[in-house]
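Both complexes below contain chain A, partnered by chain B and then by chain C.
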Partner chain A sequence: MTKEITITVDGRKVKAAEGLYLLDVLKRNNIYVPSLCHHDQVHPYGVCRICIVEMELNGRRKVMSSCNLKIADGQVFHTTSEKLTKERKILMELMLARSSGAKEVIELAQRLGVEETRFPKEDDGCIMCGLCVKACEQVVGVSAIGFESRGPNRKVSAPFDVEAERCIGCGSCVFICPTNFIKMEDKNHVRKIPLWHVELKMKQCKSCGPDIAPEKQLEYIRNKVKLPENFFDTCLNCRP
Partner chain B sequence: MDLSVYASRCVETPEKFSQGHRGCVGCGEVLALRQVFKAVGRDTIVINATGCMEIIASTFPTTTWEIPWIHTLFENTAAVASGIETAYKVMKRKGIYPKDLSVKFLALGGDGATADIGLQALSGAMERGHNFLYVCFDNEAYMNTGVQRSGATPYGASTTTSPAGKTIGQVTWKKNMPAIAIAHNIPYVATANPAYPFDLMEKVKKGQAVEGPAYIHIYSPCPTGWRCPPDLSIRYGRYATESCVFPLFEYENGKYTLNKDIEKPIPVSTYLKGQGRFRHLAEQDVAYIQNHVNNDWAALKKRCQE
Partner chain C sequence: MKRQRLNSQESLKKYREALVKARDPNQKVITVCGGTGCIAYGCKKVVEAFKTELEKQGLTDKVKLLVTGCHGFCERGPLVVIRPENLFYQRVKAEDVPEVIEKTVKNGELIERLQYEGKDKKKILKEEDIPFYAKQQRTIFGFNGYVDPKSIDDYIAIGGYSALPKALLEMTSEKIIDEVKKSGLRGRGGGGFLTGAKWEICAAQADQTKYIVCNADEGDPGAYMDRSVLEGNPHSIIEGMLICAKAIGASHAYVYVRNEYPLAVENLGIAIEQARELGLLGKKILGSDVDFDITVNRGGGAFVCGEETALLNSLMGKTGEPHQKPPYPAISGLFGKPTIINNVETWANVPLIISKGSAWFASIGTEKSKGTKIFSLVGKINNTGLVEVPMGMTLREIVYDIGGGILKDKKFKAIQTGGPSGGCLPEEKLDLMVDFDKLTEAGSMMGSGGMIVMDESTCMVDLARYFIDFLKGESCGKCTPCREGLKQMSGILNRICDGNGTEADIETLKDMSETVKDASICALGGTAPNPVLSTIKYFRNEYEAHIRDKKCLAHTCKKLIKFEINQKCTGCTRCVKTCPTTAISGKVKTVHNIDQGKCIQCGVCVDRCPFEAIDVD
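Moving on to the complex of A and B:
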């Protein structure tokens, strides 16, 4: 069994298992700290920095991101302070500038008291949270997409910005993206994800007709779990 | 858009409705509830009418609800939700709650609690425009007390209070709850089905985000009350939508959208077959139902094209 430890958050004693990440513990205890690039299914990446908290260290307070901070016994944290509010607001303004049309971003900004941004705005931009890349790698296991360039030119993209060969068209990246930056469309028996330059043929149910999923995805699953050759010939309804 | 295999693993995993409850095997209502909870934040207050979800999850001294939760009577769920929402607003105005606090209100009820006994309170709350989401889990009868018919029981279904024999079972057509909600001119109304989890979660998010009342009617297969195999709840869910018995649509600020167009509906008989509650139906009864469903579907499609 993991050891139970006690930390102090905003003056309140909180018990938790050793080695957990602070943000997870806070969520579990209904202590609100905003987060954007955090997701339970991928390893913490710690890029958006909106989840910052202050940790007491040698009589001073140090600002740290909470999603990738493993807790230890006796640590003392503060989740609100003037400094944190100010920093979160600036971060939010920057993210709002990159993605001023995304519901999730607008909602969080409003919650943190940011109505407008001083920086030039883009509508439906990518905030570089990395969730799509991480999900494709850690949830799907195909690593079809990644990051490209550095600094202000850094972006998410398929390798060399041509067709993402390994993409199976599962849509995990589309689903996980907080800004709706990745678009996906099923039309005329083809699934398209333009950002990754992907167009995949859909497989139809042999017995009743409608699309099941991209052929490539079904092949990937079939090989992975060693299903019989004809397993995906029919849809869920038509399979016994 | 079918996101079934991998994207579903990106859905939040911690449950707000934890394990160890006393739901029946194969309960589609529990599944729907868990999906609803995956789409709401932890800063949500749940106002829950009596019914299966309350009874199976709250036997003293245990609880399954890992989220602020208040149990209400049958008739006053929406009224309690109105009160809590108003109190919250006042506390915020008076500065007792911090300005950046963002709490949502989620009222839950079965079809009996919604379409029959709590309808008056719900109508009042929708009319007054409280900022809350009401979710009705429609398992098409009062299941918790042993399958008594409700206004939402479908035509022809045999229940303990509408037994097939002298009559066909339920003699009236199912009450159209979404239409009643829409008639209140509220900003958001939708139907959902746990066999289509992404659609369901998306709708719950939308319903929570709008300002004002929102209503979501969720089809909730009940193997115990419908007398069908418990491993087929999801399949019946798909059959219901693919046969157009329970279409998935949305009504947003006056506009209807069909979320799942069915090009070639499967026959209603595929849906009815295998459910004990419809076992007694004769061919002409099924034809009558098919005809009624066809007409409703055509009318809905027309509204969605307007």
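Moving on to the complex of A and C:
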């Protein structure tokens, strides 16, 4: 049984279940707060910081990210102050400097009123949202990839930046990546994800021929849900 | 010797009495500092020499040799203090030892060359009269000079573990928390949060399992106060945690020690073993219902791992990355359980508060900053080392009275307090008191107690650049403002130092600083802009000189200085021979010339020239 509580957002009372994440509650109530690293399928990682709001605390206002903030009764938030607008814009300028070619970044920047960045532009396709790492860990459950290095050198990477041994080639990271930075290629019955230095053999349908999925992925699924050995010999269409 | 378990207050009392009785207060003790600083100066050889000499002279029964932890005045190491008179010898070498025994120990004669010399050239006899020590109030650190860190008996003999039975057997949890709250103790690790209030929150959690953590990661470059307390008096930390165990209802603690501190790990390990032997760790301690034990973990070394949420992640075997608070560790910390994490120095204060009372503790310091604080005093100052002062002492007293003023009588320029992300305070702030809130108000912070003194030869823009570059490299890189913001700030600062700054840069730096402070996940990003903001606030003219006039007022930014030879040049050709790039030319006995195209502004010619013939502009 979750308790219903009341929080105040920009002067408006909002009712919601205790312990929900603030950003989700805001969305449901049609209160717009921008977000970039948030995705419904993974636990909020809270790193882009675009979703910042101000929370009243001991008579002062504290800037916090909303996507990973669990609400409690009586909390008072502000989502549109001048300070937040300014800081979100600076964050977008920073993102734009890092990933000047990323469509999502450019679009969100424009939405927040940022056309240009004051800083030298680079074109790193990775915006460091961490969704690939989190999806691999939480959705797929294999944790094949992670982060490497510190500070500005941090990047998503296979362990030691050599072949990600645990990768099953499912491509979840590719699908969840908001900027299309992670590339995947299926050719000559081999699936390649160059960023993780992965090349995996595809399994073909015994009956109709085309690739089904990487052998390793099918093995992983088969073991996980205890399917019979020959389950993936044929594709979905050819299965009786 | 196998010791007997102490299973009651009475048995501990008897144990202590027996120790004290067996010790002669007039016993001659040769105290040799065995701290890390003195080890670097060769104190191990001095200790060996004393051992050999005492044996040779047949004095091992009469004279006790005590190897202790750091005394604080490391710069003068190896230090030797002869008690009970407290005769102070500095920079003692193994060769000096036979003479020390022969003259001072046996015959009470002094050896002048080993004594400390005051400003007026007078020799100072006693440890406590040396200006460096005289103004300090060493309530925590003072014990270091009196105990062998490897001996629990030493600690007990000087009154250690006397707060423990009081807390465990006479006080309720509420009473302990109340005392710590009333004492006004605030965390010494950086945040300055009220320790008692934190304990109270943790104690109120319904969870049956709770943890205690000692933060001994100490990543600030140049800081070594926690190291010195752990190395020199590890039992005080253990006792502090034991008291907290009763207060919050925890039965296990982890000490997270920086990997680079092997002696701290060793001494703490021995201390834990000894405490277990005596039953001061284990089950039903002193007959109470408190069970408690301690595990020592060695940290990975990253600066950010000292941040509490990152540290807890690291302890759990995860990546040492911070997360946003809440959840606070006191509510959900190690393995999701309520956890009290405190700094080494914070822990060392706890037994004193319990044994001497909160009123005693609260009588030291300012309205909202109580007790003493240990600082690591370094930079362009005469006396460097670890100093413990009451809160409320002014920076001026620390710099001039304890620190002995600026090296070579140069002009004071700034003091940075609080470690790499502290702010720089100018001359006009020297009368500021050491106080959590006052330092923050002025744009700096208490931090964990770093104090760097700078003279007129330091360029404040270059200094800000240096610290931002450091912090940029230490940022975990998880959140955008800290990772990208510090990178861009570093770019701007480097540009200004190279003479390519623009008018808009100062405002951009200020805007960026606010965003990085507010929007970062943890206090690394949250405090990193301090060096920039404070130098803009107090030394804006230096930024402007770099940007507008392309001048570095301190003459340190290489791209902005020019070396030129003036008419004082005698043509001695010394500079020609030292210049690594053959930029200097000229005939013997005529004024020389520097080829600006070849000059790399290394400045060796200036140092070499005996005639002050080279100008820096």
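Following the convention adopted for this analysis, the second predicted complex is superposed on the first by the 239 of 240 C-alpha atoms of A that agree within 3 Å, B and C clash if a C-alpha of one lies under 4 Å from a C-alpha of the other, contacts with A are read in each partner's own complex, and residues count from 1 in each chain.
Just so it is clear, a contact is a pair of C-beta atoms (placed from the backbone, for glycine too) under 8 Å apart; a residue touches a chain by one contact, two chains touch by 3 or more.
Because the structure is a prediction, the values reported are computed rather than measured.
Contacts of A:Lys15 after superposition on the shared chain: neither chain B nor chain C is touched. Of the two partner chains placed around the shared chain by superposition, chain C is the only one that A:Arg154 touches, whereas chain B remains out of contact.
In the overlay built on the shared chain, the residue A:Met95 is in contact with chain C alone; chain B does not reach it.
In the superposed model, A:Lys201 makes contact with neither chain B nor chain C. Contact with chain B, but none with chain C, is seen for A:Asp186 once the two complexes are overlaid on the shared chain. Of the two partner chains, chain B is the only one touched by A:Glu107; chain C is not.
Shared-chain residue A:Arg239: touches no atom of chain B or chain C. With both structures placed on the common chain, the touch criterion links A:Pro120 to chain C but leaves chain B unconnected.
Within the complex, the chain A residues that touch chain C are 46-50, 52, 63-65, 68-70, 83, 86-87, 90-91, 94-95, 97-98, 118-120, 128, 130, 146-147, 149-154. Across the complex, chain B is touched by residues 27-28, 30, 32, 39-41, 103, 107, 111-113, 135, 139-140, 170-172, 174-176, 184, 186, 208-213, 217, 221, 236-237 of chain A. Across the complex, chain A is touched by residues 302, 304, 319, 323-324, 326-327, 472-481, 483-488, 491, 504, 508, 511-512, 514-515, 518-521 of chain C. Listed in rising order, the residues of chain B touching chain A in the complex are 1-7, 9-10, 12-14, 42-43, 99-100, 102, 198, 209, 235, 238-239, 242, 263-264, 266.
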